[in-house]
């Protein structure tokens, strides 16, 4: 409840700052007997790394680290034992001196001011410290193991970008591979997105977008009424990721503009005839695919000069150099997938006890 | 974690079904020494009751109940003692026979099928049972007491409808009173909204909309990184309310379409120059007003005939009579306000321990 | 975590004071499909009532109330639905005027001073308010439903007194019936115990004792290492009951005086050859009977004059009249049984999710 | 709730096995601004190490490791930041081959059989894996930081052995130093205890004992009624430590044999005239010293031959060699002190929010 733990039964606790010795976490509640693939964990970590957008890191930070998760406990001879799985990822590319000028200035759009106030001025300002998006490496490790558990139960996840810099992608969505730049769901959109990223970067500015995450094969019955509904858990999980400012399930905000007769998904002996509900009714999974989206704000670290204040409340101007992404997309995509995996793994184990 | 409890320190546990003897709950963690106004609780409950839309209940169910919360413990001589506050609201207007025809049919857009599967066919089908929006009376009681606690700390909440049936309201928002039909923020929009509701009802159909909730005077520092962020808690709280399919904080999805230079809120010695962040940075309150919105789907109970299946998986057709709202708006408005109050009261007490 | 909720999955939240309108609670996480016997609940409540010691209430308070639990939700047509089970027990025999003289004096051995300090002087002094042993009615209701769940899984509990006023009972323990006065495990001890109770009461004094609770048929594997061990949960559950000052599992303190060769329970193909472990090894149930004991201090409300202080810190003398038990035994016996049932039901559901 | 996390606000999550790469944990909820002394952490870790009994390790395992905790996050320039404090302790002295013969045999008195059943046969049998007392290094680190937080609030803890091998120590207890062998509270008892340990070891047998832990300066008001009482938390914390089979608060089981007039602690304007309550009334601290005791069973690993069974249920005989302690005392003493510190730090932060 202090904020470093996620989930009830499949439960991830994380630690670590951008420029400390290491990040890591503990997964408690992973059932015994699950084969743990370190390669599968690494694949997810690699998907989150910079320079993976097919544009020579056009949209991403120049910080390059191997990001290897070392498992410290809970796995014996390649199989989970039911004991907590401890892991850590060492920081190897800290260039903390970049941040010295920012030690006493609040960067607009960042957590600097709110965390400074919350913690009475005690903060590791280097790279945002705990507030850095770097904390998401631990989420990705947890999500990778969650996905391995889900796979055993026939659940498969995918995630892709549906909008970047205000430019939405058009169907069809062919996303099984997750190999395209920006985690785009098809190739047609790429030229437009590349162009808008280049323009933003040239202008010293940054971009946002929208990410969609889907889960197939989710059994009916997951989610705990009334406060632990599956969609509530997903919404909290997504909104807690750094740059997210909005969350939708199924038709989302579009549902607010439909009539009931259009929005209701008819039931047929073969299943639902549509999926405006996004696979969840009354907070409980229906067996239809789970569909969730997150609105990603533009990265607040921009090269353009900004008005702000320092710790003494004095006005000043900053231009943020350093190694920064132009957009949280594509790197946030595997993070959101990890969060959905964590929610579903937890809900699955919660529901299993009822059987 | 089973879903009937919300919050960590200021903690609400609820129970009750639409057609059972009573609904109610327990508020644990309310500090001792808070003057508890039963009149203020009643005011919130009345705001949630049907027939309060200024249209003779045009948008609302014909079920009329006094909805009086009886406090059973935790308050002595009008003041909280620190002991848990138990309360209950009796059901007095059950007309369960309305629901007998629905006992074995799954209503589209409702929790019937997913809860049926989750609970192995054990469900109180009368009025949706625990899945009914009637459960929100307990949320409103909890939220009313949370608001009293927040008021002592200088925090004030307001909630209003910003869109109904696809028709958005135009500024200015003058909402301090919360007395207009549909909890509209100004009178100009009323004729349009009334017209669209009349048309939908005449067509046997239903409508959705968007609700905005705001909090003023929230101190800086609320919210627990990284999984217990204030916006994550709000998103989970809102999405867990029956008909909600989307949540936004501050600029929300619009932020995804802005550049960083436009979306960032400049800091000045006098405060933030804008509030795209909705009062939250890095998951922690900044002192600026909290602004959150929820997308409300149209009520799934429609008079028009719908294709569906029964418990045996056989196709059938239903037209839903009974006493149903045409839109969850306006009744969901005080419920969302209650949820924001619960989140903030809990976050406030979490933060106080750090002082 | 505020103290009014017990358990993780099978979870009881309680409320209520000695002299308020009602006590009650919410059981969340009871699986759907469990037949709920109100008669079985009543039987446990009756076992806790005064006047059940076969001595015309010799050891017990003169307060007589029917103590009927009214179920408000979560049960439909006699079967649990998976929704939270709300219940309440009305207070009908409050004689609050008895307590007016005690409003500003701290009774030795009671919670008066510590709760007064904790809650800044806000307390319902009538009968101890929330600190009264009367709060245990809600535990007993929760425990009764837990026992019904356990019975379905082949687990049976029994509880009996093994020591009263310093006089231990001698074997054999024949306790299946739980019908003897003081919940004695055989009739031979009764004359001695009756005599010591009569003497204490005549002297205006009170007595303590030791209670043993056992569970048979507990499956192997319950309990969560390392902080959620089954014995840790039992110890916390027992020590949280009003008058308990010590807890033992299996051989308990006697184990501290044995050598390893004597204390170890040999394993044989037919099971354990002894049960010094009390059915738990490494915090996890072994399948052998669970055996736990609680040391009960003498009731602190004594007729003899005592030195104490008032809220102003001034010395004064009190003699406590009113309707008080001479010993928490026998009434605490069903309460401790309820607590073991709650622990086991929760541990059982925790373990089921792993299957 | 899976067992690897302890506490609500000051919250420790641990991981690690006896023979894995490392043990460690995460402390979440430590307030920002606390000076963290690594030397003080090391002092507690050293107190737990073998060979510290003044008898050349007479009572302790021959396994010798430096046991250095490396802090990975949450501390910046020597001061806590409010971010989670991750730490790990590397295993450097694994001699796993010692355990190969035990891979498929259940050692009496150990967790082997119960954990084997719980986890469907998946277990790291080397040195007991997660069930090894080695997991307590993480508790000691957490407790050391808790003690630093408590010290700021004027709370001081001490722990000592009051009984070993059935031989109780006689007053006076002069324990401020914690430097004597066995953490004895005075030197007079040492010859007797040394003699009994030598005899047990010569016989291939092991011993138990009783440990007392005390806290001074605890403010009034800690503990959350009714299930989160301070004594309940202590009982659960102690009973969850490996070899503990009994827990007492204050007079403990002796209270069960007193009359109320003797057991009640009179209140005077200068404080309590006695401390049978052990500093807790109604589950809430009174300001008097907290006094708690734990009964420690003899180490189950004995050199003497024992009857047992293997994983196939076949009878067999084992004699346990390897590097084992003769008694959990003295090494369990700092572990119990750590647990009391964790309970008090958590209760202190819980209570602070009420101020």
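Some notes on this structure:
Going in written order, the chains are labelled A, B, C and D, and every chain counts its residues from 1.
Throughout what follows, a residue touches a chain if its C-beta (ideal position, glycine included) is under 8 Å from a C-beta of that chain, and two chains touch if they have at least 3 such contacts.
Here the structure is a predicted model, which is why all the values come from computation and not from measurement.
Both subunit A and subunit D are touched by B, C.
Taking each chain's centre as the mean of its C-alpha atoms, the one that lies farthest from the centre of subunit B is D. Computed from the mean C-alpha positions, the centre of subunit A lies at a distance of 46 Å from the centre of subunit C. Between the Cα centres of subunit C and subunit D there is a gap of 27 Å.
Looking at subunit A, one finds that residues 1-5, 8-9, 14, 32, 82-83, 118-119, 130, 225, 350, 354 touch two or more other chains.
By the touch criterion given at the top, residues 1-5, 8-9, 11, 13-17, 20-26, 28-29, 32-33, 70-74, 76, 79-86, 88, 118-120, 122-124, 129-130 of subunit B touch subunit C in their complex.
Those residues of subunit B lying in contact with subunit A across their complex are 1-6, 8-9, 14, 106, 108-115, 117-120, 130-131, 135, 163, 165-166, 200, 203, 205-210, 220-229, 231-240, 242, 244-253, 255-261, 263-269, 273, 276-278, 280-287, 295-302, 304, 306-309, 313-315, 350-351, 354.
Within the complex formed with subunit B, the subunit D residues making contact are 1, 8-9, 31-32, 82-83, 225, 349-350, 352-355.
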